[in-house]
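The first chain written gets the first letter, and so on, giving A, B, C and D; residue counts start at 1 in each chain.
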Amino acid sequence: MDIVEIIIGVIALLMAIRIFLTRSRARKLLYLCCLSFCISALIALYVDSPMGGIVAITYFVCSTLSSNAIAYTIEQAKDIE
Amino acid sequence: MEFIEYILYIGYLLLIIGIFGTVIGPKVDNPFIRMMNVEVLTVGVSLIFLAYDEALALMTFISVNAVLSLILVRAIILNTEYDEE
Amino acid sequence: MEIVEIIKVVVAGIICWLNFVLIDTYFGLPEKPGVLGAKTIGEKIRDIGGNIHGGYFMGNIVCSPDASAGTLLASIMSYLMGVEGGIIAALLVWIGNRLCADPGYAGTIGALTITAIIYLLSPIIEAKYFIAGMVLAIFTIQGFEHKYASILLGKIAKKMNRGE
Amino acid sequence: MEVLPLISGICCILGGIGVILHTNPINKIIMFALLEVGMIGLIVSSYYLDIAIISSLCEPICTIILLLGYLKYITTIKKKKKYGRDLPVLSK
């Protein structure tokens, strides 16, 4: 095990627990963004070839698109309720 | 524990959680919430496909699953709209 | 031996933090919410006692790939492929920026800048430490404590005449 | 064991419990995103890279369909409650 992977793993574990315990909806999105950074770095360190970099970039851009849609819906649902 | 057994046990655990959550979960009389609990089951089935090395079945199952949720959401909205009384 | 590696990670983290905060502030992220989703995150940050311009900054990072994403992806690709990887990452970040309907070139500029920095510093600090440094830098803004981080970002934005 | 399968397994179990226990639908969708993160990590850690690209492309489509369905559902409920019973029907 490398020291770099251990640092990223500890941060990812902390974020996964804080998403589960926080009650506010908007603050969960901030923690989810930080977890997405950690997973994208771990994929590139695990698969040690240029194809792993393509997977990491595709995953990160699609995850950002998903959280953009969730934040837009929170704004819309606040008006209706 | 080997790596294949690790994936297989996580898949079985998600299946058990999903089944009990769909039948006796909290606030399950709302049809939208009950439909969203079913999504846990599909991830469990995908992990079991992964453990048995069925690559083509896994790819087809993930792609069809997005279309399937569209049909279920449309059915729930039409059922609510045309409901009597 | 491990002490040297930890010092390298911390130094790389400080370089990445300065890089993406300065570029994002210069391109005007704290002034206004670029997309509609960033507005509700900024108001939520204000409700718990933070600064609203720092809240807009955090919301814009969540809702579209900006200079922070450019820094991480360019350091990943330059760890795997060398200098050519950084340019490929800049192209893919530009496509991602257009998908999220966000005007601005912060992501591309950030990716090109960190590629140049890694190429200049490559005999001392390898590209592997920049990945851990970027994760450590994003942890201090988005994950640790939202209130004080937004106040600090608001002060930096006020000093550079962006916002207010 | 390596770091990536360990983190992905913890994300899968936490996400699966969280989807069941939360009752607000937007909270359930955020927890569903956490579950998908774990699934993509487990697929990558057994070196099926092409399926990982397909899976990460299909995840925003599924999320957007669920969100649009939720907005339409809540609008239908409000409209029915406002105009539903009090219309002057002929039988009354």
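By our rule, contacts are C-beta pairs under 8 Å (C-beta built on N, C-alpha and C of every residue); 3 or more make two chains touch, one makes a residue touch a chain.
Only a predicted model underlies this, so the values are computations on that prediction, with no experimental measurement involved.
Colleague: Between B-D and A-C, name the chain pair that shares the greater number of C-beta pairs in contact.
Modeller: A-C
Colleague: Which chain wins if you rank chains by how close their C-alpha centre is to the centre of all protein C-alpha atoms?
Modeller: A
Colleague: Find the geometric centre of each of chain C and chain D from their Cα atoms only, then give the gap between the two centres in Å, rounded to an integer.
Modeller: It comes to 28 Å between the two C-alpha centres.
Colleague: Counting only Cα atoms for the centres, state how far chain A is from chain B in Å.
Modeller: 22
Colleague: In angstrom, rounded to a whole number, how far apart do the mean CA points of chain B and chain D lie?
Modeller: 10
Colleague: What is the distance, in whole Å, between the centres of chain A and chain C, each centre taken as the mean of its C-alpha atoms?
Modeller: 14
Colleague: Could you pull out the residues of chain D that touch at least 2 other chains?
Modeller: Residues 29, 70.
Colleague: Which two-chain combinations qualify as touching?
Modeller: A-C, A-D, B-D
Colleague: Under the stated contact criterion, what part of chain D meets chain B in this complex?
Modeller: For this pair, the touching residues of chain D are 1, 5, 9, 12-13, 16-17, 19-21, 23, 25, 28-29, 32, 35-36, 39, 42-43, 46, 48, 50-51, 54-55, 58, 61-62, 65-66, 68-70, 72-73, 76-77, 80.
Colleague: Any idea which chain D residues touch chain A in the complex?
Modeller: It comes out as residues 2-4, 6-7, 10-11, 14, 18, 24, 26-27, 29-31, 33-34, 37, 40-41, 44-45, 47, 49, 52-53, 56-57, 59-60, 63-64, 67, 70-71, 74-75, 78.
Colleague: Considering only the defined contacts, which chain C positions touch chain A in the complex?
Modeller: Residues of chain C touching chain A: 2, 5-6, 9, 35-41, 44, 58-59, 61-65, 68-69, 72-73, 76-77, 79-81, 85, 89, 92-93, 95-96, 99-100, 128-129, 131-132, 134-136, 138-139, 142-143, 146.
Colleague: Given the complex with chain C, which residues does chain A contribute to the contact?
Modeller: Counting only chain A, the residues touching chain C are 3-4, 7-8, 11, 14-15, 18, 24, 26-27, 29-31, 33-34, 37-38, 40-41, 44-45, 48-50, 52-53, 56-57, 60-61, 64-65, 67-68, 70-72, 74-75, 78.
Colleague: Provide the residue numbers of chain B that touch chain D in the complex, in ascending order.
Modeller: Its residues touching chain D are 3, 6-7, 10, 13-14, 17-18, 21, 25-27, 32-33, 36-37, 39-40, 43-44, 46-47, 50, 55, 58-59, 62-63, 65-66, 69-70, 73-74, 76-77, 80-81.
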